[in-house]
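Going in written order, the chains are labelled A, B, C and D, and every chain counts its residues from 1.
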Amino acid sequence: MADPVGMSLSSLQEMLDSPLFAAWVRDLALRVAEVRPGEVHLALPVTARHVHGGGVVCGQTLMAAADTAMVLAVSSQLGGFQPMTTVQLQTSFLRPVPGTDTEARVIARVLRLGKSLAFGEIEVHDASGRLAAHSTTTYALL
Amino acid sequence: MADPVGMSLSSLQEMLDSPLFAAWVRDLALRVAEVRPGEVHLALPVTARHVHGGGVVCGQTLMAAADTAMVLAVSSQLGGFQPMTTVQLQTSFLRPVPGTDTEARVIARVLRLGKSLAFGEIEVHDASGRLAAHSTTTYALL
Amino acid sequence: MADPVGMSLSSLQEMLDSPLFAAWVRDLALRVAEVRPGEVHLALPVTARHVHGGGVVCGQTLMAAADTAMVLAVSSQLGGFQPMTTVQLQTSFLRPVPGTDTEARVIARVLRLGKSLAFGEIEVHDASGRLAAHSTTTYALL
Amino acid sequence: MADPVGMSLSSLQEMLDSPLFAAWVRDLALRVAEVRPGEVHLALPVTARHVHGGGVVCGQTLMAAADTAMVLAVSSQLGGFQPMTTVQLQTSFLRPVPGTDTEARVIARVLRLGKSLAFGEIEVHDASGRLAAHSTTTYALL
């Protein structure tokens, strides 16, 4: 298990803005708000491009933000980026994030970092702090 | 249970291109390739915007395509769009979709359509027809 | 949403020992250890009957305990038993529970109780307090 | 990837009845009904011990049968038992299995067998052949 040396907020933001992530994912414009080893908080701006006909942020956006946040959380615990791949991600949608919110908050936590597998969970909160989506995920470290 | 009257390929494509889906999701440029009541096949173009630093289509794109395809599959079985919301979606990533593929195939099937809940599964195949991602999902009909 | 009036520890234990649960599930010999509205802690005795050839508690036992605990957690928030059914349950297995442990701890929490759906998560801790299994689940209230 | 040499029905039944599985799981009295490399069909007898107060087979039984069936399916593709552990298992419950059924059918299929991870899906059908539960799972090969 990697020593939880952590990563700075600015180095995680650089990672987030780099081609490590697909351009379509970088369009989420996620912003690193808080970090400690194994835990990363991101701000997800709510913009019209992510709101569907029902007037709420689409689930696709929330799942994409959750998966992205977990890459950063695992990296923050490893002390730097290391190739990894999502094995599975399960998301439950508890409440919609209103399209009128300014931003949502995405909190990713590593629950266990093994030699070859990492387990984590991600919460998405709306602007009022209510739990909107809840993901659990397994990553393979390559 | 709704009578499986189905929907035409062109009316599903219209739905796909309408603001029912968020603009960011419409950027996937999904194309309806095949449809029967309760089952929809979509072509997912592989473009540079969806490929991450590892040279493969990012998982966020595959999950977004899977969720989108299921909305169409449920609608195709209902015989038209009806408000619905994703309750949960679980995706397993079996193999990467190479960034050099021209397109992937997304196949969504309704496994059960109840009065208030719909269950389905979605497969994403790479251009060689190999299973790349496999999702199961529950929708609530509103 | 039901008023979180709660249920007493003894009334939950009675429910647990009643034919509401299948006899095979009652063989788990779960014991209610702690309760507040929407959260229930159970003790899961580790016995030879639940340990597989690898010397650890089998995953089947952990999933069964998790599902059972959530029925109690939802009931505790509703203030009494009400017919409900598991829609889906996803479990990640982070670490084995050693067959030499005396008991494991199962903690179920309701994350959201809606009119027709309830969402929750369940943690199973080994005797040393380490997270062994983590479930998320959706229930339908009938 | 292991050569799909397969295993005989009787050697899988022997495995099923051995202490590889916990005694509590062997109480399910599962019977191997059909096998080919990577796919195993089990008969799950419906008995009063597995039926809950609602008059249907409890979900705990269906999840336990699903997990057990996948161990056999992976073994059948490997050509013999090899230590493995369930990483995650997600089950959707589509329809109850009536307590009046004589037996249910459990069908496990390996979707991909890699060097360190195996992916699969399991269907549980009631006696009328209707899909009652649907699981997807990831295993780690040790």
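Everything that follows uses one rule, which is that a residue touches a chain if its C-beta (ideal position, glycine included) is under 8 Å from a C-beta of that chain, and two chains touch if they have at least 3 such contacts.
The model shown is predicted, which means the values in this text are computed figures rather than measured ones.
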Looking only at C-beta pairs in contact, point me to the busier pair out of A-C and C-D. C-D
Would you mind checking which chain's C-alpha centre is most distant from the centre of chain B? C
Distance between chain A and chain D based on Cα centroids, please, to the nearest Å. 34
Can you work out the whole-Å distance between the CA centroids of chain A and chain C? 28
Geometric centre distance via CA averages, chain D-chain C, whole Å: 22
Two or more other chains are touched by the chain D residues 87-88, 90, 92, 136, 138
Under the stated contact criterion, what part of chain D meets chain A in this complex? 87-88, 90, 116-117, 136, 138, 140
Inside the complex, what are the residues of chain B that reach chain A? 18-25, 27, 48-54, 57-61, 63-64, 67-68, 83, 85-93, 96
Inside the complex, what are the residues of chain A that reach chain C? 90, 92, 94-95, 111-112, 119, 121, 131, 134, 136, 138
